[in-house]
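Below, chain A partners chain B and then partners chain C, in two separate complexes.
Moving on, here comes the complex of A and B:
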């Protein structure tokens, strides 16, 4: 696999410790502030959608930015998570841990199956295989009407209820409460994924991205670790899909379509693959732009396409690089020399 | 029953040959530019719409097919110049994202030009009616489409195997750097490869117009099938996609007899089945 661009993911882990604490505390504060301010700037459901797709994009970035596995089939897991959670919620099981647990198990198993078929193939082959598996799962969902509702989508999805020992039952029917819940999951997912990326496991993934053969000859079970990353990314995407079904109380068939897979790769790449903030930013820009454009013109995907092409041509490192490049002296980060 | 099977078999071969034309184009682009052409489905749709535009001007169907090829080839050239090349040094991820963005633009332009309602066109009078082959009866147009597709494939094969241009193309696929070092203009070669591949997608779209009509979603579905054909044929093999295309068409048609609703999903099942036994695809080497 060609090691293109900058090393992602590991970037912050090995940097010299000249005030890294202050920087990372500032980063965390910025992210939490942004999450808190977001619903004041736009309709609450759009803000919730940004959180959901932020989770989806960050999970996908574990594959793209860290592991260098260019999957074009992540919507399969997003949609499957939506169907798994939605099926329980539409049939009267509303316990929150049960619903999310089920979604994680189903999407994790599905990701394991897809990963087993595709992970040993590299580069373009891997991309096309994940794409084709996505299509297969799409048609399976399309035909399995009794569970997924087929073309009409899985309707009648209710929001789960969280039973806490001393507080009692917390319902999420209020959209603001649901936003808060989604935002908390978003922050947890971000913390978890950053931890994964910076762990020894994440470092081996990044090493394998830069030179698969060298990482393998050092004795690391590269394919196995990549499969684990694929399962983690799939399961986290499944959580995002479950939230999406709860938000609009329906799981549309479009949520498993491969267009979703391509869109999430957009979000990751236009945001920037070098950190987990990039994909979140990409999701913000993408969902916000989509909401804005779809109000103005029924042919809005044309404008979206132009935006994507222009971003890739003029800002190939992602929008986050636009923000961070200028004040390089501020963040105290040295220019990395390529070895 | 036998009659039904043989009818579906002939039908499947015809559809498979159209798939083969389309995927052969994808295979050429993949070979030369080393990028999976995510705009291939959109180019296929573009071909169908161009062909429709030409025949609705009362021009002959043959001109429609030629225009579909040329129009898609020009679109391929534009894609190469203004989408693929500007992001060329970043690896294939930016390239295929740009191609996907371009596909969105092309499909929306088609919707702006021809509206959201699907279009249909019946083949010219000469190609209507049926042909009795003895074992089964085939619609004339289906027979024409298969023979024509086969001819196109043979022509492109001759172009690649028997001409100087073809030798450059093969050299460009095998050893791009050496080819450049030998003084061959690789930039130009890549552009013409992209044009040829895109043109084949457009031509397949034109050929499919009398069978399936022209709709805005035709590209996305076809893209999936073309990718599957390429993977089954083997990514390293330029010609594997031809046999794989016919195989996919036949399997799909025969499935329609047993379970019509599964005829699309079976394509992907077939692909996974093939890969479990031959991970490199039917004709790939590794």
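Moving on, here comes the complex of A and C:
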């Protein structure tokens, strides 16, 4: 216990030293610097896509890394967020708070429904239920042509307009302005999710991941807490999906396909689940590699798959751990990856 | 003289797994402020009885009352919030957290912290900290409070398990084999701790160390093959022939 009466020492997140210290200031500085430099390294829309999938991956990591809920249906919420926002934007409503508010409400409700069905099942059953719900929502989107455009996608999506007092209306038609906007949302999402992980709620989610029964016997309504986490993750994924629709001015049917659910799990796992920087790094590597490989060979998904496999085998704690500790295959002994 | 108050009571409780009746029509009551041990050979249904009392398992028949409240259909977290805390036979600590975090999580809920609070950092809540530290102090764990639990010895993990149970600030404590797998020195330490808890809590204990049971218990219930075979004070039990049969197989 340190002088100001707060507990010190931390492993998962939670009850740690309070107040900013050098390491966390350095981390924040690195993240902001990376976000600022990113568009100088690559085409602006690829950079924007990385920010969008970074948000999606961080939201998914609240489920995977913190709560230990391996959902394979998160694209349902990404896509639904895209459709919700895209529908308004394609029909002349461009007010930014309205568009994002609607996307959050729609995806939050959808996540509540899917969560109610699946949370009480564990392990493979939870995975399969989230996956099945994803498929269900995909076919609903496929069939509901009047709203989603079906196979052709929801076209005619405009970018929203931010009305600010004194400044006036800011349009996002310039891709650089849109990148800046997406990057700000990325940073806000990261700060929000880090706060969630470090809160009592996040600490209990992590506890329930490690020993569900013990968490219940300490008085915690575990299933309800997990449901709330599922709703938060779904709503934040919905924001990412909304941004994706705005970026390309269309919401393709692929955005709600379960491939997306698998990709986002890849991003989380190759980046590392122990922090929110890991999934963001995973999104960067995945999107960037996807772009790079697709230029080199028409069978590029093979290479991407090989990369994911190699990461799983040689760096099971994720790429972020490369920066913080020596990997097992370098130090000559094999540690078991955390379950 | 007023009658002793019943704090927890099971009425004809039964639990079957497939064709096996593991707990068979068990009626048992626990008196406030006493240490009540449950003895019996392996497979007697002691731990299953615990799981029924805390609602980790749902009974097939029978009723459970906590004070004057029927908790037969409550959930484990509700039972915990009504003041029943337990330790597990197999250590159930959170391995990827520090010692202090383990105890903090129990203390936070015991102090009626809102589990849905996701907008403030855990470190900003100061109420549970005194309770958490007191519980660590009691088991002499403050010295390793910031160590990751997975680096602890098995003995220290068992002590932490008890410390977490205390941090629930309960009325009733269920201890499932608190000295299992401990060294002689650690066993003595746990025995001393349990003795010191006797004045504050109602304690129900499963324990195979007969010496500890005889020394500490106010009441003893003996189970065999899912049923209660004897009940009484330590002297009654020591003299009981059925108990010797259950224990020594003849």
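Miscellaneous remarks
Keep in mind that, in the parts below, the second predicted complex is superposed on the first by the 305 of 339 C-alpha atoms of A that agree within 3 Å, B and C clash if a C-alpha of one lies under 4 Å from a C-alpha of the other, contacts with A are read in each partner's own complex, and residues count from 1 in each chain.
By our rule, contacts are C-beta pairs under 8 Å (C-beta built on N, C-alpha and C of every residue); 3 or more make two chains touch, one makes a residue touch a chain.
Since this is a predicted model, take the numbers as computed values, not measurements.
Contacts of A:199 after superposition: chain C is touched, whereas chain B is not reached. With both structures placed on the common chain, the touch criterion links A:176 to neither chain B nor chain C. Contacts of A:210 after superposition on the shared chain: chain C is touched, whereas chain B is not. Contacts of A:91 after superposition on the shared chain: neither chain B nor chain C is touched. Looking at the shared chain after the overlay, A:139 reaches chain B, while chain C stays out of its contact range. Once the two complexes are overlaid on the shared chain, A:266 sits against chain B while remaining clear of chain C. Residues 5 of chain A touch chain B in one complex and chain C in the other. Partner chain C is touched in their complex by these residues of chain A: 1, 5-18, 195-196, 198-204, 206-207, 210-211, 213-222, 224-225, 228, 232, 338. Residues 30, 34-36, 38, 83, 86-87, 90-94, 96-98, 100-105, 107-109, 111-112, 220, 224, 227-228, 230-231, 235, 261-262, 264-265, 268-269, 271-272, 275-276, 279 of chain B touch chain A in their complex.
Residues of chain C touching chain A in their complex: 54, 56, 75-77, 80-81, 85-86, 88, 92-98, 100-101, 104-106, 108-110, 113-126, 129, 132-133, 145-148, 164, 168. Contact residues on chain A toward chain B in their complex (touch as defined above): 2, 4-5, 64, 70, 117, 120-121, 123-125, 127-129, 131-133, 135-136, 139-140, 143, 258-259, 262, 265-266, 269, 299, 301-302, 304-309, 312-313, 316.
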